[in-house]
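Structures follow.
Two complexes come next, and they have one chain in common, chain A, joined by chain B in the first and chain C in the second.
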Partner chain A sequence: MSAEQILQYIFAGITVGSIYAFVAIGYNIIYNATGIINFAQGEFVMLGGMIAYTFSQYMPLLPAIILAVIITSAIGGLIESVFIRRMKKNSVLGMIVVTIGISILLREASLYVWDEQIRALRFFTGSEISSVNIFGARISPQVLWVLGVTIVLVIVMFLFFKFTLTGQAMRACSENSRAAKLCGIRTDSMVNLSFMLSAGIGALGGCVVSPLTQTHYAMGTDLAIKGFIVAILGGLGNATAAVAAGILLGLIESFSISILPMAYKDVVSIVILLVILLVKPSGIFGSVQASSMKDY
Partner chain B sequence: MLRIRNLVAGYDKLKVLKGITLHVKEGEIVTIIGANGAGKTTLLNTVASLVKPTSGEIKLNGRDVTGLSPDRIVRGGCALVPEGRQLFPAMTVRENLTLGGYTLFKRKRRNGLQLRLNNIYELFPILKERGSQLAGTLSGGEQQMVAIGRALMAETDLLMMDEPSMGLAPIIVKNIFQVVQSLRDQGKTILIVEQNAKAVLEIADRGYVMETGSLVMEGRAGELLNNNDVKRAYLGRDYKEFTDR
Partner chain C sequence: MKRYSPLLILAGTVIVIQLLTLITGKAFLLTQLTMSAYYVLVAAGLCMVMGYAGQISLGQAGFFAIGGYTTAFLTTIDFSGKTATAVYKILDSMGLLISKENLYGDTVIHISPWISLLAAVIIAAGTAYFLGVPVLRLKGHYLAMATMGFGIIIYRIVLGTPFLGEADGITNVPEFIIFPGVNVSGDFTSRVGNYYIAWLLVIVGMFLLLNLINSRVGRALRSLHGSEDAADSMGVDTARYKVNVFVIGAVFAAVAGFFMTHYNGGIGPSEAGVAKSVRYVAIVAVGGMANLWGSLVMGLVLNFLSLRGVFGHFDDAVFGVILVLMMMFMPEGFIRKSVFNDLKTVILRLLKKEPEKFKQGAEIND
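== the complex of A and B ==
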């Protein structure tokens, strides 16, 4: 393999990894607030891409994406207040099953609204044939967009959870929801906010990768599984680690293609999931101590 | 300030509070003493609305607050320092304290945050040094200080405390009770639940004795301290005085 080729693989891996990271961040936000793994997370990515595509027929790209993120957030919030809130007495496992049901619901609804055609958002800058030359590797400018948005997202998330009162309140809810109530924090609305936030983040991810990976009504399942692997790999509940783990998985997948047949790409990531679950369920960046306090 | 009438509450089919009637006047330290399982914690949790009452009435500053959500109780002027401190262990001391004032800062965008923090640091100077440490790494006494400070940040008229002396060394208990007294002198009203009856009766104005879900006695703190029944059951003082006579 030449140096340029390796670089090419690296960029491809990072791009795929970023979208995994978007899904995994969404998992983590909801997991932190409720202890639920929301398997409809992949559908949020799909919805983001689809809605943005539809709007982009009538308006410039930026407002279309903003609208898509807002609408998907609203859908996320709606799902929480219609399904999750009413199931509160149920077990966490029961609610996880509900999220799988919701994912099927969203998928079928999208099939109805958008049919089974594969769609792609316009490239943010340039077109599918334009490329940027980085150390000899030729990559699409969209890859840089994906990278940039991921980096900005991680920074914004960090600032939000560390310095804003709402972010701190969300963390408080996940650490001790009883005490959070005593502080006058409305834990219900924090859970709702967590669904809106992760739906919005998923949708944003769906928009930035859409030009590269296309958007299809059934893409959510695959993303949900990959995002789950990444969330576990990084350690559940740890959003920064999710980005690192996402990019790691993206790289592994991308390089596996150069050795193994393309069809084995998913096998590689599932094997990683199994190994992690067997060897270090707390994830490579997670602390064993912290995970022993979690429900499962 | 606080008026509770015929309060009945419990968990599912288990009735813990069997008709509690009590009142707390402005500027008082009132204590509820009683053995384990008497229902003291449930009483405070019901007032804070963590537990929903089956029947009865809770009035705060003349307003009926029975069954309102916990955040509205805090905004209505009543904060609870919960049993076992219940901090946010992986957040810093400063963040813990800030969240205590959540109801205020949510509306006024952190106006006066530093001022309020300074008030707490004045009360518990050690917390200023610990400001950026994670709350979970503090000693028991310091954690109790954070818990009290967090409840004070909401600037409510009424402060309820659940077993503040639990698991602490006597010297720290003394320190904390001194702070409670100074809070009263600054105009706070305090309802405090304790198993350490002797220590709390020495600083309280009035007290109630609770037994299996009912209040069985009420009186001035000094009277309760000298009451033979209370002495025998809760103070454990001069044990021989009663048995060998």
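== the complex of A and C ==
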């Protein structure tokens, strides 16, 4: 493999890894607020791409993406207040089943709205043939967009959770929801906000990668499991580590293609999941002590 | 003995349904009823894992596919050109080869499906064991994702492996001759026979599972579902029981996959898909989790309707709606005693009769 080729694989891996990171961050936000793994997380990414695609037919790209993020956030909030909040029995098994059900409904609904055609958003700058030369590797400018948005997102998230009152309140809920309630934090609306936030982040991710990876109504399941692998790798609940883990998984997948047949790409990453779950369920970046406190 | 009376009712219902289709001239319905029976078998196995042991499995379709693909692969190997090989000689001397003529008049020699049934069960049980020992240490979300990951691996493997037919699957799987005159195949003439084979299999399966539930193992499983820590401290070897019941569920799925493949004459990758696994979970959920009969009834009804195409384009959506609504409003499932009691109360009230007050007390005593 030449140096340029290796660089090419690295960029491909980082791009795919970023989208996994978007899904994983979404998982983490909801997990922190509620202790639920939302199996419908991948569908938010799909919805973001699809909605932005529809709007982009009638308006410039930026407002279309903003609208898509807002609408998907609203859908996320709606899901929480209509389904999750009304669950009679709050068991883990029940939550898994319900979010799987929701993911099927979202998928089927988008099949009827957007049919089974594969869509792609316009490239943010340039077109599918334009490329940037970095150390001899030729990459699409969209890859830079994906990287830029991921970095900005991580910084904004960090600032939000660290310095804003709402962010601190959300963190308080994840530490101890009863204590947070006693301090006067509305835990219900924090949970709702966490669904909106993770849906919005998923949608944003869906928009940014849509020109590269395309958007398809059934893409959610694969993303859900990949995002979960990344969330576990980074340690469940840890958003910054999720980005590192996402890029790591993306790189592994991207290099596995050069050795194994393409069809086995997913097998490789799922084997990684199984190994991690068995060897170190707290994740490679997570602390064992913190994870032993959590309830799976 | 009372425990087995529902089995007799089931057997009776099976016969009555067959006679009804005969009288009304709708014998074609037997095809879907036969296929539903095999799916019911998977659901019954999963019911043990989910309902009784409380362990979620989102990879049941993977075991179904292991059963189906094992037999499809093994029985479609043609030995007619390889009579000189050692494998052929060994198998032939043991009388394990079946020779017959195909459509074009050529002789085809293939392995007896009994061998592939054995292989399917061994592979499924082995996979379940080696997957179960580590994976069942996990709980909740982790277990769900790990089993779903297993399902996806199987799906990707059958989709990406040339000798498993990739996207086309494997076709031309020969019939399974149980004994001369009784065979599992999609042949029109043996439709009634196949219907009875399938449901006999379900009855036998139910008999085994019912015995299991009402034994020491069954009680251990229920205690494990209630609280794993409590069961552990009472001396129940929770890890072993969990793995064992997982293996049982896998074997049920593999046997169902085996029969279904011979019945359909082939198998495709869609049988291994995550959507199928989710469907089995939905059936168990709507049947009331720890309720074998509920799983049986809902498995039959939902699969039959789905196979008849009643849900049309909304096939998957129907199962999604079921999952969401059941978990939200009836986490105990649709088929359970209290639903019938509620119904009885409503009917009695409609008839302007007060329900008897001691009715419920009487039920607890029996």
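What we mean here is this: the second predicted complex is superposed on the first by the 294 of 296 C-alpha atoms of A that agree within 3 Å, B and C clash if a C-alpha of one lies under 4 Å from a C-alpha of the other, contacts with A are read in each partner's own complex, and residues count from 1 in each chain.
The definition used in the following text is that a residue touches a chain if its C-beta (ideal position, glycine included) is under 8 Å from a C-beta of that chain, and two chains touch if they have at least 3 such contacts.
Just so it is clear, the structure is predicted and the values come from calculations on it, not from any experiment.
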**Request:** Based on the superposed arrangement, let me know which partner A:148 touches: chain B (first), chain C (second), both, or neither?
**Result:** neither
**Prompt:** Given the touch rule stated above, what does A:178 touch, chain B (first), chain C (second), both, or neither?
**Reply:** first
**Prompt:** More residues of chain A are touched by which partner: chain B or chain C?
**Reply:** C
**Prompt:** Which partner does A:136 reach: the first (chain B), the second (chain C), both, or neither?
**Reply:** neither
**Prompt:** If you stack the two complexes on chain A, which partner ends up touching A:63: first (chain B), second (chain C), both, or neither?
**Reply:** neither
**Request:** Classify the contacts of A:165 with the two partner chains as first (chain B alone), second (chain C alone), both, or neither.
**Result:** first
**Item:** Sites on chain A touched by chain C in the complex
**Value:** 37, 39, 83, 86-89, 91-94, 96-98, 100-105, 107-109, 112, 221-222, 225, 228, 232, 261-264, 266-267, 270-271, 273-274, 277-278, 281, 295-296
**Message:** Considering only the defined contacts, which chain B positions touch chain A in the complex?
**Reply:** 48, 50, 69-71, 74-75, 79-80, 82, 86-91, 95, 98-100, 102-103, 105-106, 110, 150-151, 154
**Prompt:** Which bits of chain A are touching chain B when the two form their complex?
**Reply:** 165, 168-169, 171-172, 175-176, 178-186
**Prompt:** Where on chain C does chain A make contact in their complex?
**Reply:** 50, 54, 56, 58, 134-135, 137-142, 144-146, 148-150, 152-153, 156-157, 159-161, 274-275, 278, 281-282, 285, 313-314, 316-317, 319-324, 326-329, 331
